[in-house]
Every structure is written in C-alpha cells, then in structure tokens.
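First, the structure itself, so that you have it in front of you.
Labels A, B, C and D are assigned to the chains in the order they are written; within every chain, residues are numbered from 1.
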Amino acid sequence: MTQQTAPPVVELTGISVEFPPVKALDGVDFSLHPGEIHALMGENGAGKSTLIKALTGIHSPTAGTIRVDGVERRFSGPADARAHGVSTVYQEVNLCENLTVAENIMLGAEPRVLGGLNWRAIRRQAATHLRRMGLDIDPSSSLGSHSLAVQQLVAICRATVGDCKVLILDEPTSSLDTDEVAHLFTVMRGLRDEGVAILFVSHFLDQVYEVSDRMTVLRNGTLVGEYVTADLPAAELVQHMIGRSMDVLEAAEEVLEQAERPAGATPLLGVVGLGRKGSVQPFDLDLYEGEVVGLAGLLGSGRTELARLLTGADRADVGQARVAGRPTRLRNPRAAMRHRIAYTSEDRKGEGVVDGLTVRENIVLALQAERGWMRPLPRKQVDELVARYIQQLGIRPADPEALLRNLSGGNQQKVVLARWLATAPRLLVLDEPTRGIDVGAKAEIQKLVAELAADGMSVVFISAELEEVLRISHRIAVLRDRRKVAEIDGNGATMDQVVDLIAGGGAA
Amino acid sequence: MATSAPARTPRARRGLRLPTRLDRRYLPVLGTFVVLALMLVVGGTRYENFLTPAVISNLFINNAHLIVLAVGMTFVILTGGIDLSVGSVLALSTVITAALLQAGLPVAVVIPLAVLAGTVIGLAHGVMIHYFQVQPFVATLAGMFLARGLCFLIAPESIGIADPAFIELATWVQIFGQWRMTSSVLIALIVVGLGFLVLHFTRFGRTVYAIGGGEQSALLMGLPVARTKVLAYVVSGTFAGLGGLLFAMFSRSGYSLTGVGMELDAIAAVVIGGTLLTGGTGFVLGSVLGVLVLGLIQTIITFEGTLSSWWTKIVIGVLLLIFVLLQRVLSLRRT
Amino acid sequence: GTQTGGGGETNAADDGVITLGFSQVGAESGWRAANTKSIQDTLTAENGFDLKFSDAQQKQENQIQAIRSYIAQQVDVIAFSPVVETGWDAVLQEAKDAGIPVILTDRAVDSSDETLYESFIGSDFVLEGEMAGQWAAEQYDGEGYQAVELQGTTGAAPAIDRKDGFESAIAGSDIEIIDSQTGNFTRAEGKTVMEGFLNAHDDIDLVFAHNDDMGLGAIEAIEAAGMTPGEDIKIITIDAVKDGMQALADGKINYIVECNPLLGPDLADITKKVLAGEEVEKRIVVKDEAFDQAAAKEALPTREY
Amino acid sequence: MRDVLRHHLFWPVAALVVLLVANTIARPGFLAVTVRDGHLFGAPVDILRTTAPLLLVALGMTLVIATRGIDLSVGAVVAVSGAVALSHIASSPNPDSPVTVLTAIALALVLCLLLGVWNGFLVSVLGIQPIIATLILMTAGRGVAMLITNGMITTVNSTPFKVLGSGFWLGLPAAAVLAFGVFAVVAFVVRRTALGMLLEATGINPAASRLSGVRSRTLTWTVYTASGLFAGLAGLLISADTMAADANNAGLFIELDAILAVVIGGTALSGGKFSLSGTLVGALVIATLERTVTVLGISPLVTPLFMALVVIAVTLLQSPRMRERLTARRRQVATPPGSRPAAGPGPTPGSTTDPTTDPTEVKA
C-alpha cells in the first residue's frame, strides 16, 4: 500500500500563509508520495484549503519552501501547477456551467487541427475520459444541466486530463451520495495504483478510513502530525483534530436519547396534498412541536423540493397547509417566517451566505428583515446576539466584523445557521446543515438540533448521511422519485429498512 | 457590469434536462431572427420600395461600422465586461485617419496607425481592468473621455478626406443586379467571420466564454484569465479603431464629435442579439442581427416619414421595449 | 407622389404632388425648433407637398442613412441641413446618379464638386459675426472693454464662422477677448461657462454669445452673481428668437443679430423651380437684420418666432 | 497616518483638495465668500449650487447601484421633469402664483416618480437587466419631454419657481439647501434604519436575501422609484436654473456624471456595500472639476482629457491593487526581520476574493 521508500513527489516545509490578522498556516510541513491516498484532516478553518491553495500558487506563502519532484517551486497559479503535473479540484466546485461537459473537461488542453479547435476530437477525448470515470453522460450536453454530483465528477475528470502526477481533491464527496462515493473511490484507487499521488480532504471519517493510506492532521493552522491510517484509531484522530476528547459527541447522543417524542394534539404544521407540478407529487405531512423529522432519499429524490414547499421558498400549486390548526398559505419565505418557519438552503453559496456582508450582518439579516427596515435592532442587542452565536457555534474567526467571504466553508455554514436560530423559529427546516462541516461541529449541530427539539422546536432534518438522519430523527419520511413513499418511526428503524425503502425494494 | 449570474436553483436545472433537439442556447438568436423577419414583412407590406435589394444593401452599407463595433463588444460582454469607449475610439480613429491623410501620409501607413490607436486604448483598458481591478464600466468610461479629448486635441473641426487612394478604397463596390456590396461591408463581413472563428475555434475564444461563465472558476481551472481578459479589450479596441476606419470611408471625413452615444447602440445591438450582459452566453451572429434590427428601425422611421424627432425617440424606445419583452418571454418559456 | 415603378427618371409626378425628403440636424436650439416648424408648416399637402421628415439627432450617420433611404424611396427632391460640412460627396453622388436634386438649407457642405447640389439656402454666418463685432466696436471702442465669448458647438460652421467674423470686426478697436469657451449652443452650458468666467476674471465688460440660448444662460449667471446684465456687463448675441428678443426689449441684452430660421417658404419656392427645370442661384443668402433694444421693442409684437 | 491613508474617503477628498488648491493658486481669491444682502456669494457657493442637481441624481444612483443595478434614464427624467413643470407654468394664466408653481412641481415629481416605478417594474418584476431596462426610458424619455414641450424650449417667468434656481434660503442658494437637505435626510434614514443593510444584502445575493425574508423585489423597485423621484427634483432645479425646459439638453450625460460620482466615492458598481458620504464627495469633485477647467483657462478642447486623467488617477489610486501596495508596505514594516517579504503582496489577482467587489469597502 504505502510506498514510504519512494521519494515524496510533493514536499512542503515550514509553510506559513497570512491573511492579516489571521495566520491561516503557521510553519506547516507536509509530504505526499507517489501511489498513496493521503487525507488532510482538520476542523473547519484549520487551514486545509489554504494549504492546497498555497501549493498550487493561489496564495503565496509568507515563509517556507515547496518542492515538487525534488525541485523547489512557486507556482504562479493553477495553470502553472497543472503544467507540472499537479491538478486540483477545489472545494468550491467551480466549472463553467455555460459550457458543455466536453469543454469543461478539455478546456486548455484541446486537440487542435490547422490551428483551430478540433471539436470532434474534443468530444471523442472527453467521452474517453468520462468513460474512464465511469460517467455515462453526453459530452456535448451543457454542464449546467447536470446535478452537482455529476458536476463534481466532471471536475475530477478534468483534473485527470493530461500528465497528472498529483491529484488534489478538496472535499469532493460533500455532495455525492453513497453509490457515487463508492464509485469515486474506485476511480481514486485506480489512479493510485497507476502511481498518482492523491491528496484528499473530507469531513467524513468513515470515508477517510475507507480510502486513505496516510493522513496529516492540521489544527488552527499548525501541524498536529502525520499518521498511517491503519494505525490511528478514530477516537484518537478526532482528538487530534479538535484538540479535546469526544465529549461533545457523547453529550449529543445523551440528549437525543433522553428526548421522547411528545404526543402533541394538533401539529404545528400540517400539510395535506401539498405539491407542485414538475417538482414534488402531492404529499401529506404533520410536524409536531419537539419533534425531529428526518427526510431520507436518494440524491434528486425530492427532499429539497419538499422542504422548499414547506417553507414558502417555492409556492405549492395544490394542497393545503395548516399552522397550529389554522389554514394558511405559505406564499413566500416571509409568509412562512410570520409563522416562525425557517429554512436553511442546501445551496450555501447561492442561497445562504451574503458574502460581501460581515458575520454580524449575516447573523441578524433574517431577524432584521422580519422586523422590517424601519425598526433597526438596537446595536447592543445585536452585539449580544452575535457574540452568543459565535460562541455557541464556535464560529472562527470570532470576529463579528469579518467579511463572510473570508471565512472557511464550514464556518460560513455555521453563520447561516445562526441567522435562522436568531429568529427563534418554531419550525426549523435544515437542508444539509452538516455538509462540509467538521466532526466536532457536526456533533455540535446534532446536539443543538436535539436540544432545540427538547425545548419544543419542530425540526425537519435533511442529510445525505443516512446514519445521521437515523440517529437524530424521531420520525423519518422517505422519498423516492419525487414522491413521499413512507413514513416510519425513527426509533425502531434500522439502516437496512430505510435503505430498502429508499431504493424501492421494501414495502411502502 | 460585473454582476454575476443569479444563483441557479435546482429547479432551473431540471428544466434544462427536458430532451430537446434544438440547443436552447440558440433560442434568443432565433427570436431576434424571427423579429427581424417580421419587421421586414411588416415594412414590406406597409411601404412601397421597402423590400428591395437597394434597401437591404443600404442596411449593411450604413451599418458596417456598427457591425464591427458590435463584434468587438460581443467579446468584451461575453467575458462579463463592457466597453463604453468604442464610440469615442471610433471618432478618434476617423480623426487620425483624416488628419494623417491631410498631412500627406500614404494610405498604407495611415490605416494601420488608425486601427492601432484603438488597439492601444483597448490594451490600456485591459490593463486597468485586470491588473488594477478597476471596474470595466469605469475604466472604459475614462477611456471614452480620453479618446474624445484626444480627438479635440488633434482636430476639433471636421476634416474632409480627399486622398485618392482612400477614396478609391471607399468607393470600391461590387454590384450584383440590384444588390451592392461596398468595401466596408466586405470588411465587416470578414470581421464577423473572424469573430465567429476565433470565438468558436480557438482556445482564446473558449476561454472568453469560460470567464463569462465564472471568472473565479476559470482561474481555478487554470485558464489564462489575465491574458484573455486583456485580449478581449484589445479586440474591442482594435475593432473600434477599424470601425472608425469604416466610418471614415462612409463619411469621407474625420470629426471629433462623431459617434457620440454609439457605444450604447453597440451594446443594445449585442443585447438584442441575445447576448447576456452577465457574460458567458451569446454569439457574434446574434450581434449582427441586433445591428440589423436597429438599422431596420431607423429605416422604417425614415420610410414612415412623418415622425417628428420626438416620435422617433419614443418609437425607438418602444421597439426596444417590445424586443426585450419578447426575449424575456422566450427565455421564460425555456424554463 | 412616390413612384412605384423601378428606376426611371423622377420629376414632379403626374398627380402634381412633390415628394420631398428632408433630413434635419436635430432639435438642439430654439432656433432649430423654429426652423423645423417653418419647414413642416410650409411643405404641407395643401401646398402640394408630401414631406418626408427625419430628425438625425445630430448624427451624420443618421443623415447619410436618411438620404440613402430617400434615394431608395425615389423621392422627387432631397433637402437637408448638414450636421457637419465634410463627408457628403459619396451620398450626394448617389443622389445625383439616381437623378434626384438636392437642396441644402441653413448649413453648407464643404465639397469641391458644386454640381452635387442644386442650391444652398441659408444665412451668412461670417457676416453675422461681423455685424455683431461692428456694433460692439462702434459702441464701446475706447472704453478698454474686456470681452468673453461663448462659442457654439465645437467644429460647427456657425461657431467657426461667427467667431471669425466677430474677431475680424473688432480687430481695430481696443476691445479685447480675454476668454472664449464653448457653451455648446445651449442655455444650461452657457450659464455654467459664464459662471466659470465670472469666477476666473474680475472685470468682464462684454459677452459675445454665438446664439441667444447661451446669452440667456449668461444672463442667469450674471444675475446670480449679483450683477445687472445689460448694464454691468453688456451682452451681444445672434439668432433673435423670441426669448432673446424679449430679453433685449427688457434691457438685459444689448444687441442681437438675426439669423432667420424661416427657411420653409424659400425651400418650397426653390424646390418648385428646380423641378420645373428653372435655373436657380447656387447660393441664396437669407437676409438677416439686427436689433438694438429700441428696435426689439418695436418688432416684438409682430415676431413670428 | 496610515489609517487616514487607508480610509475609503481619503483619495476622493484628496482629489477635491487638490482641485481647490489648484484653483486658489490660479486665482488667490477663489475661496473668498462675500456677504451681500445677507446672501453668500463666491465660487465655493457657486460650486455648491451647481453640485445640487448632480448630488440628487447621484444619490438615487448610489441606491440603485447598491442593489446591483444602474439607472441610465436619469438624464431623460430630468428633461421630462423640467418639461412638465414649465409647460404647466407657461400655460397657466398666472405664472407667479405659488399655487401654480406648487402644482407644477407636484405634477413633475409625480410623473417622474411614475417613470421610476416603470423602471423598477421592468427590473424587479420582469427581470430585465437594469442597463437595458433603463436604456429604454433613456431613449424614449427625451422624446416624451419633447412631446410635452412640442419640441420647443419652453421658457417662463415665475418668481416663486425661480427661487429654486437662483433664490437663497438661510443665506445659501436654495437649490443647494434643498439638495443637501434631501441628501442628509435620505442618508440618515438609510443608515439609521436597517434599509442600508437590506439593500446591500439584496445587491450581493438576491436569492439568499429573499430566503431570509428580505423583500428584495420591493426594495429594488423602491430604489428605482426613488431614483426617478430624485432625478425629477434635479430636473426642477436644472430648469429653474435657466428658467427654461430644454428637452434635448437638460440633464444630458448627467447619468455618466452621477455614475462617476458614485464610483469616485468608492462604491463598487457590482453592488452591495455603498458609501453615501463617498458619493457626496464624488459629486463635489465633479462639480469642482468642471469649474476648475474654466478657472484654469484649460482649453475646452482638452476638458475631456483632463476629466479622464482625474478619473483614471482617482480610480487607480483607489484600486484594490494600490490599496494592497499600501497594506503591503505596512505589513513589511510589521513582519520581523529575516522573514521573506511576500512575492506578490497580499492575495494575488487569483486569490479567493471576488475581483469584482472590493473587500475593503467600508460603509458610511
């Protein structure tokens, strides 16, 4: 497996990167060998993405050396890095949705004829690369017409075009489902066996254990250590990452176990035959106070779209909704907010963060919008509120005046969550709230959800991680092909049972 | 306007999944084409001598310079930028042409110089925009003032062009029955062809689209963003210079106050042609159709012949509105 | 009216109606509005005309386009006020080839080939400037007056010619032009530039504005600075449109040289002659008067524009 | 000192000071203000008066730009406003009656408000790109103004209306008092309420704002309406200035001046964070610049050149790249000796910061 004998293909020594006043990396050493899958681990904001960007020349380190194939280098940017065999799929999957799949894969390396692009060859080669990734899509279809998962795979496909000695994947699995992850791992192992060095970032510990050979752990911009995966127990890894033991996780479990589903008389929100043409088939659902309802389903099964109908993000064209027994129409998010219904979108970048505003402004945004522009929140109240959530959710840096775009992905997610908690909702619909969030924070969020429910809030919880849904939910609604197919009790349910329902094998 | 496209909701994506044969990207251009055809039909039934080769030839002859400007503008807008300077740069090029010819320089020297003036200004824009991160609107607005100021500096008054070689070039015409093709139309068509080839068959062209789709993405994909962006403004500037040359051929003079507001015509043409100002989608051929639509509006107004100047303005506004609405309806039906 | 048949000779058609295509500069000044009105009111159906009017919005390309379109429409006569002097040879040649006579109004073209148009009807801008200058020299020579000049649109014939005319006429006197900038023939810019002049110079005695509109703007600026126009600072303008005449009568302007915008009747007249094959003069200069304050009071009640 | 240098108003204010100094050198008495009949006179007072309409238009423009939009139609709206007001006054038997004048003002403002509503409708409801949506009114609006005045320059004599142009309130030009007053009130409302933040959120991420319960559409609609209204008010000042409604020339290119004022003031055209105090300084810079050209006796021929140089200088000095230079110098001083100075100071153009927005923007 690991080939410690081979000299490292990438070797970083004493790398520091600063975003004054933040020291994102402080004298970090790191090495990557050919033919290994190396996981880079750490909490949100630990500096993983920054390390990758320093290597590929997006950020220039203030100190340290970078060696690739034994030669000291400072790449001028991704193009330069790529020309030296270092290909990267960055955390913010960013391809061009306005171009075709083939172009996205081949752009910059297109075959040419008579000085012009050879479109036939482009499509043919792209198709070959897609096949190698086991992706069966039309190369001349527009990238934007594909799901995020497919786009993610196309991004990886692009990275492997040409002479690729080092492949860097920053959280490639955060929007993939189980099958797709398995698929990706097969591809990764194949590349490793061809001698490619793979650097891999993920917050899913089981995935890391499944696929990686070695791992490097960062904490607060400093190196904690380098370990052989097989030799490091998960509990120890987590301790290295968060710098303390896993008390939080256990605490979360405790709260969850204590919480009993209350027998509420009228549902907080009850919908009958709610649906929208072309989006979700009419469904019934009752949500009670103090209860967590999980939504399970495959990617594209309609969980998000169901959530959007519950929260007025999309308008239903059939069906009725009742809040506390009274008929109502959830015409838009504001209408839902009046009933204290909150929704955090899965699309953090597009529908969550307002990246040009500060942490403070992002946190108070919904609350302020609800009060209307005429009644600004008193500054003192704002400061208290913001300080509380920064502390409670561990938002880093803990600076209310930091621009949101300068926060790491996971911390941005926490800010968006804080925005909704600040509105004190009675029903909180969380769509993939733990995507891209580190283990510690994930446990915190799960604990938070349990506590909120215990305090009487009703929560709808969507996650691609079935295990998480099972653990946290009192009740689980299962969706398949944009239709609600089953509703089961969360306590008795087993993984196999739910998987059967999701896949359409089990009895509905 | 460096605005980014609104976030795509998951639903928009599914809409695109519907199987269609005709690529939806061509719909706006097709819409423009349909409207153009409709205008021709309406004009043809309403006015005598309207649907004649002479009128159609004139449409191209009168608008050759605008076609060239619009092609350059398309490059810039595709990257998500904008070039407000093209009207002034066109004027500068006419003034340089006329002044140098008047000074007795040979045509073979004057023509490259006039075009080069545009190239240099375009380069300056690119540098300001990319390296100093000045917003395109502002950088090219400054360029607009600069070029206009240079015009006045060279010659405030209009200078006639009498150089025989230049006149010969300007009056070159090919006649096919009632159809006429002048040298400027020929040049414009070559520019359109070039623009098309470059955008669709070179890496530079595809990178232009990629940048419009997302500059950040293009950077992370390792594409030469800096070079491409600068080059897009160089193309626009150069074509504005060339447009000035065509305009000098058209008006046989150089005048510092020429082309005021022409940048808005070029932008309008590009947008009418289906290119999004946010960048990343659009075609040169659409922009050509856009120019023809604008030209046809003018033609119809002259044929109508009774409109006071205010009605002219109102009618242009209303037609623009109808156009944008039609396009809007088309693009809504897409999802 | 317009002939349906292809390409033949065009002349005053059988129905007796003359189709005339007119391309106007724009609508930049009060003078221009009066000029447009005069043409539209004269070339009416009652008078036997079918007028095709288009406004070029100050753009030469629009004018060329309009003229080409008139050729394609096979009108009987084309008339226009060229935005600029140069650049008309090609399109005028096209009109000539199509056998359509062209008449220029108000502004002339700068062309070596005089056969390209039949006639020019308009004012002598140089003379206007001279008349203004002569009056100034007669009235104020010996006082050591410091004058400022508000020029018309840069590069436009009336601006160039009036400047030349005025300068040559005051050449022998002790009137000195201390500053001269463009006010673009508009009131608002006339006012802004005059304000600047007042900030920049302590002792301005005389303003020469290339048209009434700028002069009226200057009056506002002078009043805003707490001075009396017409007394503290003398004002001479050109055009004699109604507002200007009123200000003259009110004593705020001291002298106005007329620039007659009523070119419609002359145009109708010449058109008929040209179509009838009569010989017409190449250059028909409209007679311009000049008014001092007393003359203005007298003329005001009967002014048409 | 360094904080002063990095303040977002530093370069615009510096530009203003340089212009004033240049004028004073050319003409030592330039800054002198005299009192006559209890009114203030002098070049600075003139500048305040000529800034007034531009300031109003730029105020609306700033709000529109904050929502990621742009309003090209303001010049046409200026023309319509003057046309309506003066036509009404001219057609009334008693142009000196305050009732006539007030009616005229009300008519003009209401119509301009409606024009703003129209722009807002196109942008926020029909989703047409702002630059094109407002280009429609930019073209047609002047036509409407000419339609109202019948293509003539309408002039009136009306003492109460003239106050708006050359009258004095509290010793200062009425136009300046009005414009600066409106500006102050709007700035106060925007910054003391949550309006500013909600506008910025809308400009930065409309989808996220909507989901957060911000009435993005209404806000967008409102700013275009406000822009129309302010342009209408500016139109009244401009027409009262010469007591003439010139449909062709009133407010010509004022949209460009207003956009420049906004940009010089440090607000990014890409929307989001905006600075009203910056716009105020920007408008003063432009008005002073125009005055400077005349006072310095710079040939009118090179005025655009001069304009371009000032704009280029201010925008380059304000550019992120230049700011980084300043930051870098500071950082170099701060970093301990021996550590390697950054190759390319700060984030390179390829950093994760969105190059279209300026992260260092500070709000007023």
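By our rule, contacts are C-beta pairs under 8 Å (C-beta built on N, C-alpha and C of every residue); 3 or more make two chains touch, one makes a residue touch a chain.
Note that the coordinates shown come from a computational prediction; the quantities given were computed from them, not determined experimentally.
Listed by label, the chains touching subunit C and subunit D alike are B. Relative to subunit B, the most remote chain by averaged C-alpha coordinates is A. If you average the CA atoms of subunit A and of subunit D, the two centres end up 43 Å from each other. Averaged C-alpha coordinates give centres for subunit B and subunit C that are 34 Å from one another. As a whole-number value, the distance joining the C-alpha centres of subunit B and subunit D reads 29 Å. Looking at subunit C, residues 26-27, 36, 154 sit in touch with two or more other chains.
The set of subunit B residues touching two or more other chains comprises 7, 9, 152, 156, 216, 219, 308-310, 312-313.
Residue positions of subunit A touching 2 or more other chains: 58, 77-78, 350-351. By the definition of touch given earlier, these chain pairs are in contact: A-B, A-D, B-C, B-D, C-D.
Chain contact summary for the complex, subunit B toward subunit C: residues 47-49, 52, 54-55, 58, 61-62, 65, 152, 156-162, 170-171, 247, 250-253, 255-258, 260, 295, 298-299, 301-303, 305-310, 312-313. By the touch criterion stated above, subunit A contacts subunit D in their complex at residues 19-20, 53, 57-60, 62-63, 74, 77-78, 313, 332-334, 337, 343, 345, 350-357, 361, 365-366, 368-377, 403, 405-406, 419. Considering their complex, residues 2, 4, 21, 24, 26-27, 36, 40, 51-55, 57-62, 64-66, 68-74, 84-90, 110, 112, 153-155, 160 of subunit C touch subunit B.
Considering their complex, residues 1-4, 6-7, 9, 128, 130-135, 137-139, 141-146, 148-150, 152-153, 156, 215-216, 219, 225-226, 264, 267-268, 271, 276-278, 308-318, 320-321, 324-325, 328 of subunit B touch subunit D. Taken in their complex, subunit D has these residues touching subunit A: 192-195, 197-198, 200-201, 203-205, 207-215, 272-273, 327, 331, 335, 339-340, 342-344, 347-348, 350-354, 357, 359.
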